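Mind having a look at this structure? Questions to follow.
Chain lettering (A, B and C) follows the sequence in which the chains are written, and residue indices restart at 1 in each chain.
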């Protein structure tokens, strides 16, 4: 290792470690400690209760649906922004980040108002017999909204950097647009898509603010896991809250590991050809 | 024989029918999913007229919520910024063991649900928590008070500044700083006259995003604040309260303030991206915890 | 397949434009488009491939007007400057891609056989299952060629085929490409900015400058008879002395050179550093030695003429003269051009 020349390591690292320890590690450790102090039997009873299970089911299924929608919409949006020139393109590009910039509670009440049965979208939809607000559909809408930017922003730079010669090579070899998209472009976007998908899915699993307004929050049908953890807290049932939160934390860790693993796998050949 | 053609040969997806259909679908979806929520906020905020809007904003509880939100940001954002700069300096300008682990931990709050963060804080400072009893005996109030709100906000935004700086400073290397110190500049001098000018836009970018998140944070703060009207209600919590009070117009009036903040954030963000901020790292920063360490070039 | 470009024009806002190029390439010929960057050579190649539209003019493949045939139906094999190998496909999959997407359906066995055949041709039999990121630059270049040949193209087009390679790999591949061309007899057009590469490889060299053909001919013809000062300079080191041209003679410091057919007025004499000899006394242009540079197989002498013009020339290592000495330079094979 080369000799250290630059000053400031003790101070900078000191600040960093203290901050990380107090702000990030301590609370998470306290949560794990609290959950662990329950004992396996109690812990299992809480996290496998019917109500908890129903909340996992609705959270995961809605997050999956929202992610599939965002996969298609996000990819189309990234494609349109990178490949086409149209008036207002820069505005649309900037608007993509709105779901990140708009506080979730604000998004929540806005979406609820839009999709309530007397709302701009809710009224016509209810004529068609589709109810969105206070149903799982509403949860999907809220999850989709809050995670739109993930897939767009992971795919967009890769699409921009894609060497045009690769497509041209496909064309000179006689391939149709579809063959080139499926055979060349899509595989090269896959790492970015996977990254975007797992981020979008993870965010949807943990989302709270935007969902609770529109979800209806009926136990066993529209109650998401994050809300259940919150409700247990309001009932002063701290062990249950800790256990459920620890399940969410564990899921977040697993998602993080999966994201990195998938990216590493998908990137194995991307030494520039 | 003379031909006349225009432009470039079609690329994949340039087929006119496909192109128009895709563009049409995407723009309609953007209008419905992104623009409509913004518009509905404005419409609902003024649904009972401008006077009612003004009264809602001027309501003492709303004003208190705004004040609390601003105070929270004024405390959390500078501390967070200092941390982000220190972390980036340590990680990019030095070698030490456990660097990779440290970057993973710094990015961790991105992956953790805000509710989980709030609950976790409860088990540190709450009565049921590690320090709860001690704090109570010393009559220090952290939860259901400003310190708790600030701490929870700092958790959810911990990575914001660092993740903008790390990839950039990594890419810039250490040559300039090493040159400056070899010329006899002190560490502080080196930082302020060599490093800072090169990272200022990225730093500002991180600060703006961090501020936006602090002011808008709902889930984590909702757990630790106790929702006491006129005391520990931040603006997002106050919006919820008004909404559940069936005061939609008041709620949307308060929400319109945060919506304006979001728009300002986006405008500043675009302006800073023109200065080159937020570009180098965009895919990596979003792509997961340890990816803020740039790929080694083959 | 014979290719003909008929007054092809391509306008760009910035550079790389092509201003009316006409060119015939005989069936089975190996032709180099040689020129500095921005001379329009790659644009011409891309127009032949159909990757760029010509603004005006026509391109014929045999007797067929190919100008409006879309790239994917044009039947060209294109080797890209940085190869554009599909990074997520193995070498074998890269080569097979064109056959798999072809309208002509082939059985998987037929494709596999053809891939093997091509790998043998480009001498990469063992690398079928490697990814492009795992092989060397020279190997990638050969994969790119095999991939282009797999679709049985009517024409082979190569854009700076050796540009990204080390000097010695480059020389080997050059000879090897010539061999492949001679075996297959496919009409081949390649672009290069390296005159040595063009002269080494091509049957015929087309020299371009600022979007126009300035000279075309065999390597011998362009070397021995450069059409103008640009070609003379571009093909290699050249000295340039200002001259006055009067009545078919060019005068430099009162020394006369034959300049038949060059109009009266100011002009220049160009000559190679190897085409100079030094004399202590006698005839020639008076000059003074400024510096002598030693090289493994020669000496390079930097001198200045009596009228203050710089001349560089190569001599045998035994050249006895030193800095400051005066004498006369004699020029073999001078070329006289009117001033541009």
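In the analysis below, a residue touches a chain if its C-beta (ideal position, glycine included) is under 8 Å from a C-beta of that chain, and two chains touch if they have at least 3 such contacts.
None of these values were measured; they are calculated from a predicted model.
Enquirer: Quick check: more C-beta contact pairs at A-B or at A-C?
Expert: A-B
Enquirer: Of the other chains, whose C-alpha centre is the longest way from the centre of chain A?
Expert: The chain lying farthest from chain A is C.
Enquirer: As a quick test, compute the distance in whole Å between the mean CA positions of chain B and chain C.
Expert: About 55 Å separates the centre of chain B from that of chain C.
Enquirer: From the mean C-alpha coordinate of chain A to that of chain B, what's the distance rounded to whole Å?
Expert: 15
Enquirer: Could you give the separation in Å between the centres of chain A and chain C, each centre being the mean of its C-alpha atoms?
Expert: 54
Enquirer: Going by the touch rule set out above, which residues of chain A reach two or more other chains?
Expert: Residue numbers touching two or more other chains: 170, 271-272.
Enquirer: Can you list the residues of chain B that touch 2 or more other chains?
Expert: Residues 298.
Enquirer: Which residues of chain C are in contact with two or more other chains?
Expert: In chain C, the residues touching two or more other chains are 51, 71, 133.
Enquirer: Would you tell me which residues of chain A are touching chain C in their complex?
Expert: Within the complex, chain A touches chain C at residues 163, 165-166, 168-176, 179, 183-184, 187-188, 269-273.
Enquirer: Residue numbers of chain B touching chain A in their complex, please.
Expert: Against chain A, the touching part of chain B is residues 11-15, 19, 22-23, 25-27, 29-30, 32-38, 40-41, 44, 79, 82-83, 86-87, 89-91, 93-96, 102, 105-106, 108-109, 111-117, 119-124, 126, 128-130, 151, 154-155, 158, 174, 177-178, 181-182, 186-187, 190-191, 212, 215-219, 222-223, 236-237, 239-240, 243, 248, 251-252, 255, 258-259, 262-263, 265-267, 269-270, 282-283, 286-291, 295, 298.
Enquirer: Under the definition above, what is the set of chain B residues touching chain C in their complex?
Expert: Residues 1-9, 298 of chain B touch chain C in their complex.
Enquirer: Which residues, counting only chain C, touch chain A once they are in their complex?
Expert: Where chain C meets chain A, its residues are 49, 51, 71-78, 80-88, 97-98, 100-103, 131-134, 140, 147-148, 150-151.
Enquirer: Where on chain A does chain B make contact in their complex?
Expert: By the definition above, chain A touches chain B via 1-2, 4-9, 11-13, 15-17, 19-20, 23-28, 30-31, 33-34, 73, 76-77, 79-80, 83-84, 86, 90, 92, 94-99, 101-107, 109-111, 113-114, 119-121, 144-145, 148, 150, 153-154, 157-158, 164, 167, 170, 177, 180-181, 185, 192, 195-196, 198-199, 202, 205-209, 213, 226-227, 229-230, 233, 238, 241-242, 245, 248-249, 252-253, 255-256, 259-260, 263, 267, 271-272.
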